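Pasting in a structure now, in structure tokens, and then I'll have a few things to ask.
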């Protein structure tokens, strides 16, 4: 019995495969993989793309699939296997995946996918409790230099962007980056409570997450990680305080391995059209994301550079051999 | 009182007929998705959130609240009726609730769950109005060492689920602790017990374990004994509704459950599981009918359900006063707020009181709607048990596998579900208690991470556990709770030997 | 079955299994390369748990040796194998891309058979109808992502 069921299945598979092979000429039916559970940053990016893609007419339809797990590496592995040569599938990824691939010893990596475009970025921030004696980035750097073990940083998961940033800060302060006392917390809420409650010296996170607390006077911002000072934000950059720390938490889209140039161009054009649409601009405004659109070779080079940089920091901290 | 005036305004908005309709649709949709094992309220809300995009702010918040409560109640319904807790917070409910359902008392169990949720939700809402500013200061001052001490208290209470033999109970607990080690170590980012399987890096999903042990394990066990014990389920034995006696036995657990749930839910890493288990073990200790525990005691449903709902309201305290989303659900609420371009935070109460009180009023209305909708449906729900056994269990397995695959589309996850099912069968056959496994998986990782965080911050000095007054108090409580039964037993023996 | 003084072999096997798990944890711990820079490292918890399991293995072995394990009744291995077979078929079909609906229908029929029904075709049909209804409701209306196969693509 199971044999005959299999037979029917196989026949049906063949039939539908033939059906799907007829070229979709006018507009693509896009599949977007979010390698994370519903609700997180990558999922929100994927779902916002879904809306903007359809609204802008860049795609006829778009479907989001969540493949959560292990900093996106579960989704990446599946994507590399199933989206080979597939010109209709995109995957959202970002800075966190670069680190996760290394720390999780993932068998697949970002060299195997086809880079399409960087979409958004968020700058990072270091904060201290409002009643802390530390007032500037220099104060914090001095404290680190004095005794690196006594300066505790709270942030997100081990090996993530916050952790990497803590190590970079300690390194640029002139202390031993491998001695950074970084305390990972499970969620933004938990680490924020630890900072406000004065359990740790400083906290690291994306800017938006702490914005309200800074405005309410519970936290003091001592520096942002963007290259330039931002209009409307009274916090100085680390760079202008003499500390070489520029890092952003970026998100991008990539396509499957082995797609041909025509497919790559079609996908890039579709993303291009989406990014220019009003629907996407509305999304950026609503979510507080910075537009960081870079595509083509420039993005491919950026991706390579970030991989090199992250690998070095993780090796410095001792998270990767 | 300002707050009450604002709440009243919020209520009048929520009570408009069209908004009531939205609440009703939300509750229905939420229940429909929430009954899937493995899909808890947070995921339900995440999946259904886009539906609310098209409505105006008030309508959207109300439908949102409805989906949320529907999702939560959906999990309790399956826990009671088919022993399949849809989410980790309804585990404690399954322990006694399903026994009640099997004894033909599913009606009262569902009713006490619904009414208890309503009572707890209402009290907790009042708690937000009066206690939020004060409670949030306590919550923020709760450090890693205090969480560790709280976990110690929770660990002691696990023994309430051990059954007759401490060795068997501890064995089950340690299997749970073992499963809790699986995955990436939160503090150093290294993989433990993952055997290079990427799907294991995130650890064992609590719901996969619970659904495997409870639903699949039970299906295997019942099927294997069917030729000897043809289990006949009577959907209704005695009254379908709560009797006077049921009410009398329920109201105190509702209140006590609220007392556990609301403050612990307000803690940034408090969660809903711990208060439900604290409530369960407390009710078990305090009951006048200890012989009924393990066979369907209504207190064991009333307390945990109230605690579950109160803790959900508790998470609103840090969300609304600090802008801290402390649970997955709170994070989804944040997303709900962001639809209107505003971030909850310390200034929200001052800047947009209408939306804050609108949300609280919506939660209240959704809670009422749930009660109105579900009490009449209790009769229909328990009829589910009248489905012939082969189809009932086939249906249970279909929904168990579907919930798992919908939450995590992976063959590895399904394989784990089946493995846990086999484990559940073996444990039943050899009379090991099931619940401690799940409790070990929930508490173990939290206790470990918080202790290590505390020691990392103190640079390895264990005195940090005693220097915090909160932690010292909680540790003292757990020490007393641990030693007291032995002392009592010893005294009892002493007295006996005197005779 | 007066086994009160007999060695319980199945019980001994379970105790041995616990010991094996403890050994696996110890082995896994020895593979961890990084220690924490400050405070307690990642090895402490596994070592505590593994030691506890080893002690409990001894405890369970003593119970089994003295025949203090609970008495068990005969089981129906056919029923268990049918359900497990249904689950295995489900995993295989989904893993091979056959989709949610046929996988679910087979699991439904296998389970119903394990519970004593003798009408496979009817149950397959019922399972199929249930699966289609569930798929339409959850995947189409409520936008849950369920495994796609040939049948699902046609719907």
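Which chain is which? They are A, B and C, in the order written, and residues in each are numbered from 1.
Simple rule for what comes next: contacts are C-beta pairs under 8 Å (C-beta built on N, C-alpha and C of every residue); 3 or more make two chains touch, one makes a residue touch a chain.
Quick caveat: nothing in here was measured; it's all calculated off a predicted structure.
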| item | value |
| --- | --- |
| Chain at the geometric heart of the assembly (C-alpha centres) | B |
| A-C or A-B - the one linked by more C-beta pairs in contact | A-B |
| Farthest-lying chain, centroid of Cα atoms versus that of chain B | A |
| Between chain C and chain B, distance of the C-alpha-averaged centres to the nearest whole Å | 23 |
| Distance from the mean Cα position of chain B to that of chain A, given in whole angstrom | 31 |
| Gap in Å, rounded to a whole number, between the CA centres of chain C and chain A | 35 |
| Chain A, residues touching no fewer than two other chains | 65-66, 149, 181, 319 |
| In chain B, residues with contacts to at least two other chains | 47, 50, 185, 187-188, 190, 409, 453, 456-457, 459 |
| Shared interface positions of chain C, touching two or more other chains | 33-34, 38, 145 |
| Residue ranges of chain A in contact with chain B within the complex | 37-39, 43-44, 47, 65-70, 73-74, 77, 103-106, 149-150, 152, 157-159, 163, 181, 183-190, 192-194, 196-197, 199-200, 208, 211-213, 215-216, 218, 285-287, 319 |
| Interface residues, chain B side, partner chain A - complex | 42-43, 46-47, 50, 139-144, 184-191, 196, 198-199, 201-202, 268-269, 318, 322-326, 328, 330-332, 335, 338-339, 341, 343-348, 408-410, 449, 453, 456-457, 459 |
| Touching residues (chain side chain A, partner chain C) in the complex | 1-2, 5, 9, 12-13, 15-16, 64-66, 149, 178-181, 318-319, 321 |
| Residue ranges of chain B in contact with chain C within the complex | 29, 32-33, 36, 47-48, 50, 167, 170-171, 174-175, 177-178, 181, 185, 187-188, 190, 192-193, 216, 219-220, 222-228, 389-391, 393-395, 397-398, 401-402, 405-406, 409, 411, 414-415, 418, 421-422, 425-426, 429-431, 444, 448, 451-460 |
| Interfacial residue positions of chain C with respect to chain A in the complex | 33-34, 37-38, 89, 93, 97-98, 102, 106, 120, 145, 149-151, 153-154 |
